[in-house]
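In the two complexes that follow, chain A is the common piece, with chain B as its partner first and chain C second.
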Partner chain A sequence: MTVSITTVAPELLRVEDLAVEYLTPDGDVRVVDDVSFTIREGECFGLAGESGSGKSTVAMAILRLLKPPGVISGGRVLWRGEDVLDFDDASLRAFRWREVSLVMQSAMNALNPVITIGEQLCDVILAHEAVTPVQALERAASLLELVNIDSGRLKSFPHELSGGMRQRVVIAMALALSPRLMIMDEPTTALDVVVQREILAQISELRAKLGFAVLLVTHDLSLMLEFCTQVGVLYAGRLAELAPARELVTAPKHPYTQALLASIPDPRRAVVRLQGIPGIHVDLRRPPEGCRFHPRCPRAFDRCPEVRPELTPLGPDHLASCLLYSTPPATTVQS
Partner chain B sequence: MSENLAQVTPAPASAIVSPAEQPLLQVQDLNMVFHVRDGLKVQHLHALTNLSFDVRRGEAVALVGESGSGKSTAARIIARLTAPTSGKILLDGENVLARRRATLDFRARVQMIFQDPFGSLNPVHTVGYHVERPLLRHALVGSRAEAKVRTKELLERVGLTPGNEVANRYPHELSGGQRQRAAIARALAVSPELVLADEPTSMLDASIRVGVLNLLRELKEDRGLALLFITHDLASARYLADRTLVLYAGHLCESGPSGQVMDEPAHPYTRLLLSALPDPRRAGGVIEPPRGKSGAPRLIDPAPGCAFADRCPDVHDRCRSESPTMHLIAPGRLVRCHLYAAGSTQRPTLPS
Partner chain C sequence: MRGLLADRRARIGFLLLGVSLAIAFIGSLFVHDPSDLVAKPLMPPSAAHWLGTTGQGQDVLAQTIAGARASLTVGFLVGFLVVAIGAVIGTIAGYFGGWVDDVLSLIVNVFLVMPGLPLMVVIAAYLPPGPGTIGFVLVLTGWAWTARVIRSQALALRERDFVHAAVVSGESHWRIILWEILPNMSSLLASSFIGAAIYAIGAEVGLEFLGLGDVSQVTWGTNLFWSANDSALVTGSWWTFVPTGLAIAAVGFALALLSNALDELGNPRLRGEDDFIKRLRGYGLRAGGATPVLRRTPGGAVESTVATSTARAEAPNGVARVPGEPGKKGETRVQP
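Let's turn to the complex of A and B:
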């Protein structure tokens, strides 16, 4: 192990200045721009952002699953000290699924409709481990039971299961090789709220039992804030803010985070009027100079269109990239 | 008036809070049964069962429920895109189902906005074409030149400025939120009295969503537009709607002023839904399981009794044998649950 920073658990994944570009005939589009964060062992880290913020692209880049024309154009992805970007095919194969598994949004599309879920679970096990088919089937049965599905369901086809059950099968599959990190990209977006809570509660429970870390990618900020301990907020490919979930709820620093939180209606409270964020999303082919949020920012000032803000530490595990907090101090500094 | 009824009195489904004035829209005992072919067998899927409610002029009513609750089916029937199995839909007291097809007059009074702004605008036509078409079709303008002027005004009304420039753009050149605004402008072209909005904001990002909700709110306030807002998102329902109706398995299980339904949910299903919503104030990395079961309701050959019985934490014998009726528990608050029947001593156990 190379470095072990600060507190509790050792570092598992460190993303450093990650950049991803889409190479298009009209020019290269930088969709992830110098994103850096760290996930410690057993931690539940959330990556939030609206469409086009680059959150799924970051997840795919970590697993090196980007499809052309997307390429990683800079930065490092350190997995327990080793750079994933240097892995050869064999190490990459061992890294994917055994170390880091992936749960995608639509369980309907992630499962093969013409093969039973038992066979699909066995496929994962047999592809990565030297076991007999009988042993694999036993493992598959216990995996299903781990996610509260009767092992009699091994012979079921995906269409015979409800959406929630299918998503649980996909989670069982992701846990098949006891990974250290599970990446979940919008795992419950297509599901009803009660099913969503059941599944996330189950992941909380399994995490406590098995000790894996989670990288949750979602647009649903309320869900993320309840589920994760540390959260990164992306805007137009850049990290706007990185903070413990509790602090992000009580004391968001970046104007984008503040505006985003203020535009989510609360079913539990009477709200007279919410603002939303004026303007439209950034066109990444022609991103604004300086801070990418400045054209929509209610607190923008003269330097915002000129100077690119850097992530500035504001407290333990709390950083924001906004000129309001940088040195030399802006005219309207607050701490 | 129904407000005079004593609390916890069974109310007939048709006696839904009727104020002195005649409601703009009255939905009465709407039933929808789909015939589903399974091999040689034809099965009956009960999508809506005896649904009744009113929408008053200038009122926003939210119809909320999970997938399969029948909320979109209700909207499609009211928009006359599908014919119901039985029931009445009265617009200003007149049963619109008496005519076999929707009349032009009906379309001028009732308009619909769909969920998918990418699918509801024709990609080969400009935004302006979509808004001009109803103006010309309904003969609301005398000339094409006048149609252009009116289109510009409509687009600017929904926040698409400059209107004449946006009119020349194609749908793919607009963002999701802008496209939904264009769809709203098209619906407004005929100056409808009622707009049916089926999940109009669920495909939009959070920062954009509020803008569209605010626009609908302004149109309601400025033009006295009535809205039937179909959504699965209770937060948006509370934000936009004066009243909220909760649907489960095609049955109306609770209705009332939105704030009251959310702050003091009466039906065990509403309580479960609200308790399952993510709450950022519980931030901390652990998700508690919901206080009730998930599971799709049985819409084909439904069991006797209450549709929610299998998932209900407060289920008792009566729920399995007898369908609950509507009970008026407070002015304007209706609940379809045996817990509120006269003589019942039980009350819901779930804290809300």
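Let's turn to the complex of A and C:
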């Protein structure tokens, strides 16, 4: 089912071999290394990975919003065929928010505490569209209604709202210009589980109504698997696996994905000791040769430290970068 | 400390200050009594008297070195006291708030609105002259500004979670102030100290130059006072005031360098950002706008041609292009 939908919808965003480096005084660190994926119209794409894997960096690089000392050092970000990396300031201004909007992690910090949320919503609309302040206020009211907040709340200050409401205001703000893609960088991490669910249900509903695509960045794999259609798993700045969410749960291919899934507790099963991943995350200043996961990989074999694995197709929309699946097939697997 | 020494400005500052202090406190042990009349008055620099003699026939080198000891002692002592008093009053006012803050802020404000220099002149004129008096006057008129700055910092820190946690865990007020709040202000205190020391040395010299110090003592200020008194400018005897003036400038410069370096140390981001901006400029890109795009050649090095001014003109959208990457798939870029 998933497959038929994704093949029909036209391509919205294609990230090709994206590379990001941080130019630090202690040397250049390549934090995103040749990451490629595609987001189609209306699709919900998830980027998963542990802290420091580069998932937020990818999201920010797409919007060209990476802060110093980050630079994009290669690849292409094609928005409906146009390379965002070639945009000048004016086209970036139109591209951001009108085409792609952003929902940040902390709604507390994304909202100005001394301005009412109504004014802040109007600001977005007035900055991008030639409308009168009255029209903007009407739009703001309907935006709030869209995320199930009473329009009487327009006059409220951010501190007068709960955390979940604030995050919904931020989402309303992201929807203000009807973007085709909404990038959500850990949108629910600061919220409790119940509110998390509400927010995500809301986004699903809005997505069905308005038809925008979502790029969800989170370390919460279970949340992502439930919410997304296609998921990319990042490890140390490289894509480990790219698969439909359903397939990722039932048949994960990359040992890293398998290990990640093994660390999620199953409430229905008996209490077992969860499997962690041994070792520590890669030091990106001195990444290991070959496959970056091999020092921690339970299925590593002799070629892993030598050969850099390429993303290999393993099924429809399913790719993994692991030598276990490359040709010639690995024969010397040690367990 | 190692971070501080890695900074070139800090190294120069330390060197300059160290040499000044060494000359002032060790060198002064080796020169003879600066008040001795050793030669004819107003002799230009010579082998016997390297910096010449004053209008009274004293050795200028000995006077400058002895003056350094007196002036630097007063300067640093005043700097320390200004910061100490300011920090105590400021943190107490900021931390306790309420009526304590009201009373202390009132006092601080009174001292702030009083015009500093006339007050200094008046008080210094009434009290018996001497370095102690000058120091007292400088502390009295100088502490309020530091107190004000520290108070606002303490107000902000008081609301931080770690201070609340300390209160809840039962730490005493004094422990919270000394262990939780003050260490968070260390870079502010350090730069306040340096600022206060520069101010103290300058103001001390100024007051003594006006004749408000004890003119029988040898300090930088009285050196300049006597130089003016003996009409050094009219007689053209530059050597009576230039050495002292240069010494004051050198110490002030050293302290300013240290203050600058401390600022970057307290905020390491400043340094990283400087470095980043410099490198981008090298590639003909500017920082501050959208994330720059830096295409690398297969060898890993950025083509140096992008650093030319033509590339700069061709890169209005923050993209530095380097000739195509033939080894890469999907890389068929054309120069604009």
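In this text, the second predicted complex is superposed on the first by the 324 of 335 C-alpha atoms of A that agree within 3 Å, B and C clash if a C-alpha of one lies under 4 Å from a C-alpha of the other, contacts with A are read in each partner's own complex, and residues count from 1 in each chain.
Keep this in mind: contacts are C-beta pairs under 8 Å (C-beta built on N, C-alpha and C of every residue); 3 or more make two chains touch, one makes a residue touch a chain.
Treat the numbers as computed from the prediction; the structure is a model and nothing was measured.
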Partners on chain A (chain B, chain C) - clash or fit: fit
First, second, both or neither for A:L85, with chain B first and chain C second: second
Touched partner set for A:R268, first chain B, second chain C, both or neither: first
Which superposed partner A:D123 touches (first chain B, second chain C, both, neither): neither
Partner chain in contact with A:D317 - chain B first, chain C second, else both or neither: neither
Chain B versus chain C as contact partner of A:E41, first or second or both or neither: neither
Which of chain B and chain C A:E138 touches, first, second, both or neither: neither
Touching partner for A:Q196 - first (chain B), second (chain C), both, neither: first
Chain C, chain A and chain B - angle at the middle CA centre, rounded to the nearest 10 degrees: 80
Larger contact residue set on chain A - chain B or chain C: B
Chain B versus chain C as contact partner of A:L223, first or second or both or neither: first
Overlay on chain A, chain C to chain B nearest C-alpha distance, Å: 5
Chain A residues touching chain B - in the complex, by the definition given at the top: 44, 50-51, 162, 164, 192-198, 200-204, 208, 219-223, 225-229, 245-246, 248-249, 259-261, 263-268, 270-271, 273-278, 280-281
In the complex with chain C, residue positions of chain A that touch it: 16-17, 21, 23-25, 60-61, 64-66, 68-74, 76, 85-89, 92
Parts of chain C lying in touch with chain A, wherever the complex brings them together: 271-273, 275-277, 279-280, 287, 289-296, 316-319, 325, 328-330
Residue numbers on chain B that touch chain A, as the complex places them: 66-67, 175-178, 205-211, 213-214, 232, 234-239, 259, 262-263, 272-274, 276-290, 292-296
